[in-house]
Amino acid sequence: MIVRPHKHWLIRLFVWHGSVLEKIYSRLLLNLVLSVSVIFFLPWYEALGVKLTMAPFSILGVAIAIFLGFRNSACYARFNEARLLWGQLAITSRSLLREVKSLPAAQSEEINYFVNLQVAFCNCLRLTLRKQPVENALRPWLREDELAWVAASHAPCNRILLLMGNWLSKQRVNGTISDVLWRSLDNHLNEHSAVAGGCERITTTPLPFAYTLILHRTVYLFCIMLPFALVQDLHYMTPFLSVFISYTFIALDSLAEELEDPFGMEDNDLALNAICNTIERDLRDMNGEDNVPEKMKPNRHYQLS
Amino acid sequence: MIVRPHKHWLIRLFVWHGSVLEKIYSRLLLNLVLSVSVIFFLPWYEALGVKLTMAPFSILGVAIAIFLGFRNSACYARFNEARLLWGQLAITSRSLLREVKSLPAAQSEEINYFVNLQVAFCNCLRLTLRKQPVENALRPWLREDELAWVAASHAPCNRILLLMGNWLSKQRVNGTISDVLWRSLDNHLNEHSAVAGGCERITTTPLPFAYTLILHRTVYLFCIMLPFALVQDLHYMTPFLSVFISYTFIALDSLAEELEDPFGMEDNDLALNAICNTIERDLRDMNGEDNVPEKMKPNRHYQLS
Amino acid sequence: MIVRPHKHWLIRLFVWHGSVLEKIYSRLLLNLVLSVSVIFFLPWYEALGVKLTMAPFSILGVAIAIFLGFRNSACYARFNEARLLWGQLAITSRSLLREVKSLPAAQSEEINYFVNLQVAFCNCLRLTLRKQPVENALRPWLREDELAWVAASHAPCNRILLLMGNWLSKQRVNGTISDVLWRSLDNHLNEHSAVAGGCERITTTPLPFAYTLILHRTVYLFCIMLPFALVQDLHYMTPFLSVFISYTFIALDSLAEELEDPFGMEDNDLALNAICNTIERDLRDMNGEDNVPEKMKPNRHYQLS
Amino acid sequence: MIVRPHKHWLIRLFVWHGSVLEKIYSRLLLNLVLSVSVIFFLPWYEALGVKLTMAPFSILGVAIAIFLGFRNSACYARFNEARLLWGQLAITSRSLLREVKSLPAAQSEEINYFVNLQVAFCNCLRLTLRKQPVENALRPWLREDELAWVAASHAPCNRILLLMGNWLSKQRVNGTISDVLWRSLDNHLNEHSAVAGGCERITTTPLPFAYTLILHRTVYLFCIMLPFALVQDLHYMTPFLSVFISYTFIALDSLAEELEDPFGMEDNDLALNAICNTIERDLRDMNGEDNVPEKMKPNRHYQLS
Amino acid sequence: MIVRPHKHWLIRLFVWHGSVLEKIYSRLLLNLVLSVSVIFFLPWYEALGVKLTMAPFSILGVAIAIFLGFRNSACYARFNEARLLWGQLAITSRSLLREVKSLPAAQSEEINYFVNLQVAFCNCLRLTLRKQPVENALRPWLREDELAWVAASHAPCNRILLLMGNWLSKQRVNGTISDVLWRSLDNHLNEHSAVAGGCERITTTPLPFAYTLILHRTVYLFCIMLPFALVQDLHYMTPFLSVFISYTFIALDSLAEELEDPFGMEDNDLALNAICNTIERDLRDMNGEDNVPEKMKPNRHYQLS
């Protein structure tokens, strides 16, 4: 999902949806409660001879920020990889249709059938990445027998590609297209395959789990101990700064986690529905069809799913 | 838009256009007012027992700088991607025309028509990326019936590509070019399509919104609280250093936002008009035409749009 | 191996498998013992006039964090390269089979033989990367004479590729496929070769050894000296913070080492068995075979090998 | 220009050429003068109640270093892109000639003519990037009529490429080479075009100007205020450390600026003359000519232009 | 050269070969001597009113660490580029031979001759990169007349590529291979050329010299002044921490320098001999020859050259 709220910098500061605040407010509340209680227990705490100074926290803060920055880069790179792959799918779909339409012998209904396969492929990829059921969602674009065959597989995208490949081979065997043209067209199918494989790769090989874990542990422990170190200098201001610093660290940690799996349905994930909608609109428009679907609009929280 | 002011380092320091100062001076003014008032309220503020030391701000400052550095890299990468795509468009346009001109049977007026399509494509892409109306702007390069057909679509660039594809197929069907040559030429159309798709991808999938928001919040809150921490050490010097530090952080935050959408009309965005002008000049020059347009010049603020 | 434990942030903090804790707990214990003894020897230590302050450790801490961040990036890049290569293998295997299946003259049993070669190649690559014996493991997919010939080589993957190349050439010489089609198919073999070569490159050229060594030395020395500097400020809290800071640095150092060789059998390495299983399942499903193997499941520690 | 002075680390420290010292010594001198005068005015300065402590400078120093590091990466990436493009030109020139020489029907004098075009292209690109006049410099390699036609264009490189393309098309139309061979050869021309376009892209789209400006301002302001903060702690040592810190920041800022436009004639720019010389030597050597030019040697300041 | 010592973390700490200690111990010794003498001259030094505090060193330390991190990344990127190029050479050599072996009309002795050319190319590239004499080293793989012709050139690798290109053209002209097959095979020669060109590019365009110089100067000056700042806080502990911090900075500076030219014979450079050995072993094994050379083994310092 993609969120695009108000453009003015002042109004932005109070946005709730699309930031990760919804997810982390319980942790910040915990930090607030802790900070306040630390103020009350300060005399007892000092009597015990417990001393926490800012110096070690300064070292820790910088180190955690650097490592968090590294993990953010790695997670954002996954998000970006996903973005590039779906962009590539849109590009190669259009190029494939443009080349198909330039074949002299291709008949209009045959091309309509092919366009349906293309749209089915994109939607099938979207559904499998989000682990949603495929069969009913693909009915508009596939013939009943093909639908059954596609849905029976554990990898339905591959089967739709096989259907597209069959269509192309049939043209080659008919003599409609030469081997050279076939190669040019089939190359686009290879690119479809590469996009599907790339997306699977993102979902099946997550960031090494230990990165997430080490940073979770250090960030939370850091935020829990922070009030004890701040209280001696700041006293009544402790809760304020403790929650502020915790927000900075925990929010970025949490966002990185959201971006790690960019195909989910969370606020900062990719708007796959909207991309599929765009691809279908573009293909039908290029094919000169009348049934171009409506453009998908953001909901009232400015979200596209 | 691209800005290139005076080369001397001393004069540069006082440049106004093209820096982001225009955008952020209200925020810096706010910071200045706050810093000055903090000096006057210092006694009252100390009486309340409010204590803010620099130590937590030191941790925060480093962390925010690291995260801001990360967001800057990500936004600059988008700017760079856009730069590479438009460079690729210039390259592939020229290679396409060079190959078209080497076809023995191609006639001069046919090639002129094709060059017009190429120029129309670049300008159409520029206009759609900037959400400007297409129809009148493309009139110089398209035949009236084609113009109507192109402008009727929600994706006019695709339709211009279809026209170019039709031209190539016609040559192939005529026997002017073999399948092998057609593939070489059509490949350049695929690259055109990849550039258009890549640019759309940049505009439709912004940086995850939460990055912008988390950094906005932390940067502004940091700058607002800074004077309260600085005042005890610096006293009368507070406004000076507070505004200086705020400038460093807010200016970079603001620039990152400008670069995130590199196709806009802001000071640091790409000069798409100038690039389209260059492509047209190069193509017409290669085609030996007389009507090579003038080179676009920067305006009096050293800006190219 | 890939580990995916519980999704809730609180439960995660106490996970043992898949984090690097198993590997480094002896070093942390050592640090704990040292910190505790430093507290007891503090008076004697002060009497000697030994003074260690936090300032030099602050410089060192930042420098080490930056260099560790750099080494982590480099090691993660190797892990990522490996991930991309195996993803590429899955993609190219499927594209190759799709193209083979679209050849009109190809007979079903010939294709079954070819699919076996493809599966054998993936598994052979997995086994050679993990330095495991090849012969018995490959028996299910190769004819007995071919198996002997393949296993006799020091580079069995190359020989399986030669077998695949022979199959293709035979089709070309038979006239089943034209030179143009052959080139398209053979290109996928080149990609297989590129994946195998890329994986070998990762195992044979490690990160320059001095990076590992310099960081090992500085990290351990830093952690050993830390308690002596912390004790004067923190006293009884020394062991707690000393172990915490040491955990942050040593865990990341240790994880980087694990990722450097991503084909091993350690917790955060790639799950090559599962990838081979997926490729075989996909190929057999595309080929319409009945003997699609079961999907591999994580063991009770949530690990895939 | 590329500089390679003495290898020993001690001697290097006192090198003048090729470092950016020549450019920035006036700024460092200014800093020195300021630092010295600050020492003398310290009593008067303290009487005014002006207090500057190191804490805010510590935050600023880290933030500026991070942003400067980012800008350095971006500028170095431009330098590296230029390096890769010119390397690509050398590679594709040689591959093109190797393929041309393997054509059976190609005659020796025709190939000599083609080699001259290749050399002219490289030199023409060098000259246009450095905004130097083209006509006289290209005379050794072009026929007089061609030279006039090439020099008349605002984009002479394109016209040389057209000449090369004409040569190839002539071979194709003659029947000397088939369409398949033509495509292989013409592809190298596309790569030439991509190099030329890539280099233009670097010169026409500089780093967003605001990066340069924001950093200029913060770096200089930081260096100017530094002595006032240092003087209270360091007293007589102020000038020394102030100039040292300023050197670190200003030198890197200045080097980034030099690398931003890698085709200039400054000390750390690319040695385009030497690269053109190498390409010509390699091509003539491959073609078996006797007039291989001398290898270009560094001048007495170890510089290659 | 590549070094792989003992796997246990404790033993590693005392390794000498392959770390950069050999190179920098004289500089560390100098630092030690300085630190010790500073302790003795402390009273005299304080009497002079010289005061150096840690605060400016803290700023400098962070800034230098960031810039050193940037330079390390840039140098490691060069090392990595070299690693990828040689890996590409291994990949493309094997693919080329696989395709050559699948040609039906190719005779065994002709292929043996071609394999020799391939091996000669790899070794010739290794020798020219290391500026070692070519003639005797290449004798095992080239015919005497060819060897003389190759060694007479200033760019012997190009000439070996020309020999390979001639072999391929001969097959094309004979009619053994069609133009389409020739293009597939010749493409591998282009990749050989790209590897050679890429490696030359690395050696001829070093990292901008000013990076090396600025960092040399700041690192050494920083390390020299450090003891004066440390001594007031740490007294007798000064030499220990001063050498430790210096080790961290100087070792990384020195390693970056070693990686900058990855084709040398230093400890952390690429093991080109071993790579050439692997390529020859693989090619001869694929060709079914008996004279597969022995695998190269590390020497007693665990080094491969």
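Going in written order, the chains are labelled A, B, C, D and E, and every chain counts its residues from 1.
Rule of thumb we're sticking to: a contact is a pair of C-beta atoms (placed from the backbone, for glycine too) under 8 Å apart; a residue touches a chain by one contact, two chains touch by 3 or more.
The structure displayed is predicted, hence computed values, not measured ones.
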{"item": "Chains touching both subunit B and subunit E", "value": "D"}
{"item": "Subunit C onto subunit D, rotation angle from CA fit, given as a multiple of 5 degrees", "value": "145"}
{"item": "Rounded Å distance between subunit A and subunit D, as computed from the means of their C-alpha atoms", "value": "38"}
{"item": "Rounded Å distance between subunit A and subunit C, as computed from the means of their C-alpha atoms", "value": "24"}
{"item": "Contacts with two or more other chains, residues of subunit B listed in rising order", "value": "58, 62, 66, 69, 73, 180, 183"}
{"item": "Sequence of chains encountered when the ring is traversed from subunit B in the direction of subunit D", "value": "B, D, E, C, A"}
{"item": "Complex contact set, residues of subunit C against subunit E", "value": "27, 49-53, 55-56, 58-60, 62-64, 66-67, 69-70, 73-74, 153-155, 158-159, 161-162, 165-166, 168-169, 172-173, 179-180, 182-183, 186-187, 189-190, 193-194, 196-198, 200-201, 204-206, 208-214, 216-218, 220-221, 225"}
{"item": "Contact footprint of subunit D on subunit B as seen in their complex", "value": "2-5, 9, 12-13, 15, 18-20, 54, 57-58, 61-62, 65-66, 68-69, 72-73, 76, 79, 83-84, 86-88, 90-91, 94-95, 98-99, 101-104, 178, 180-181, 183-184, 230, 233-237, 241, 244-245, 247-249, 251-252, 255, 258-259, 267-268, 270-271, 274-275, 278, 281-282, 285-286, 292, 295"}
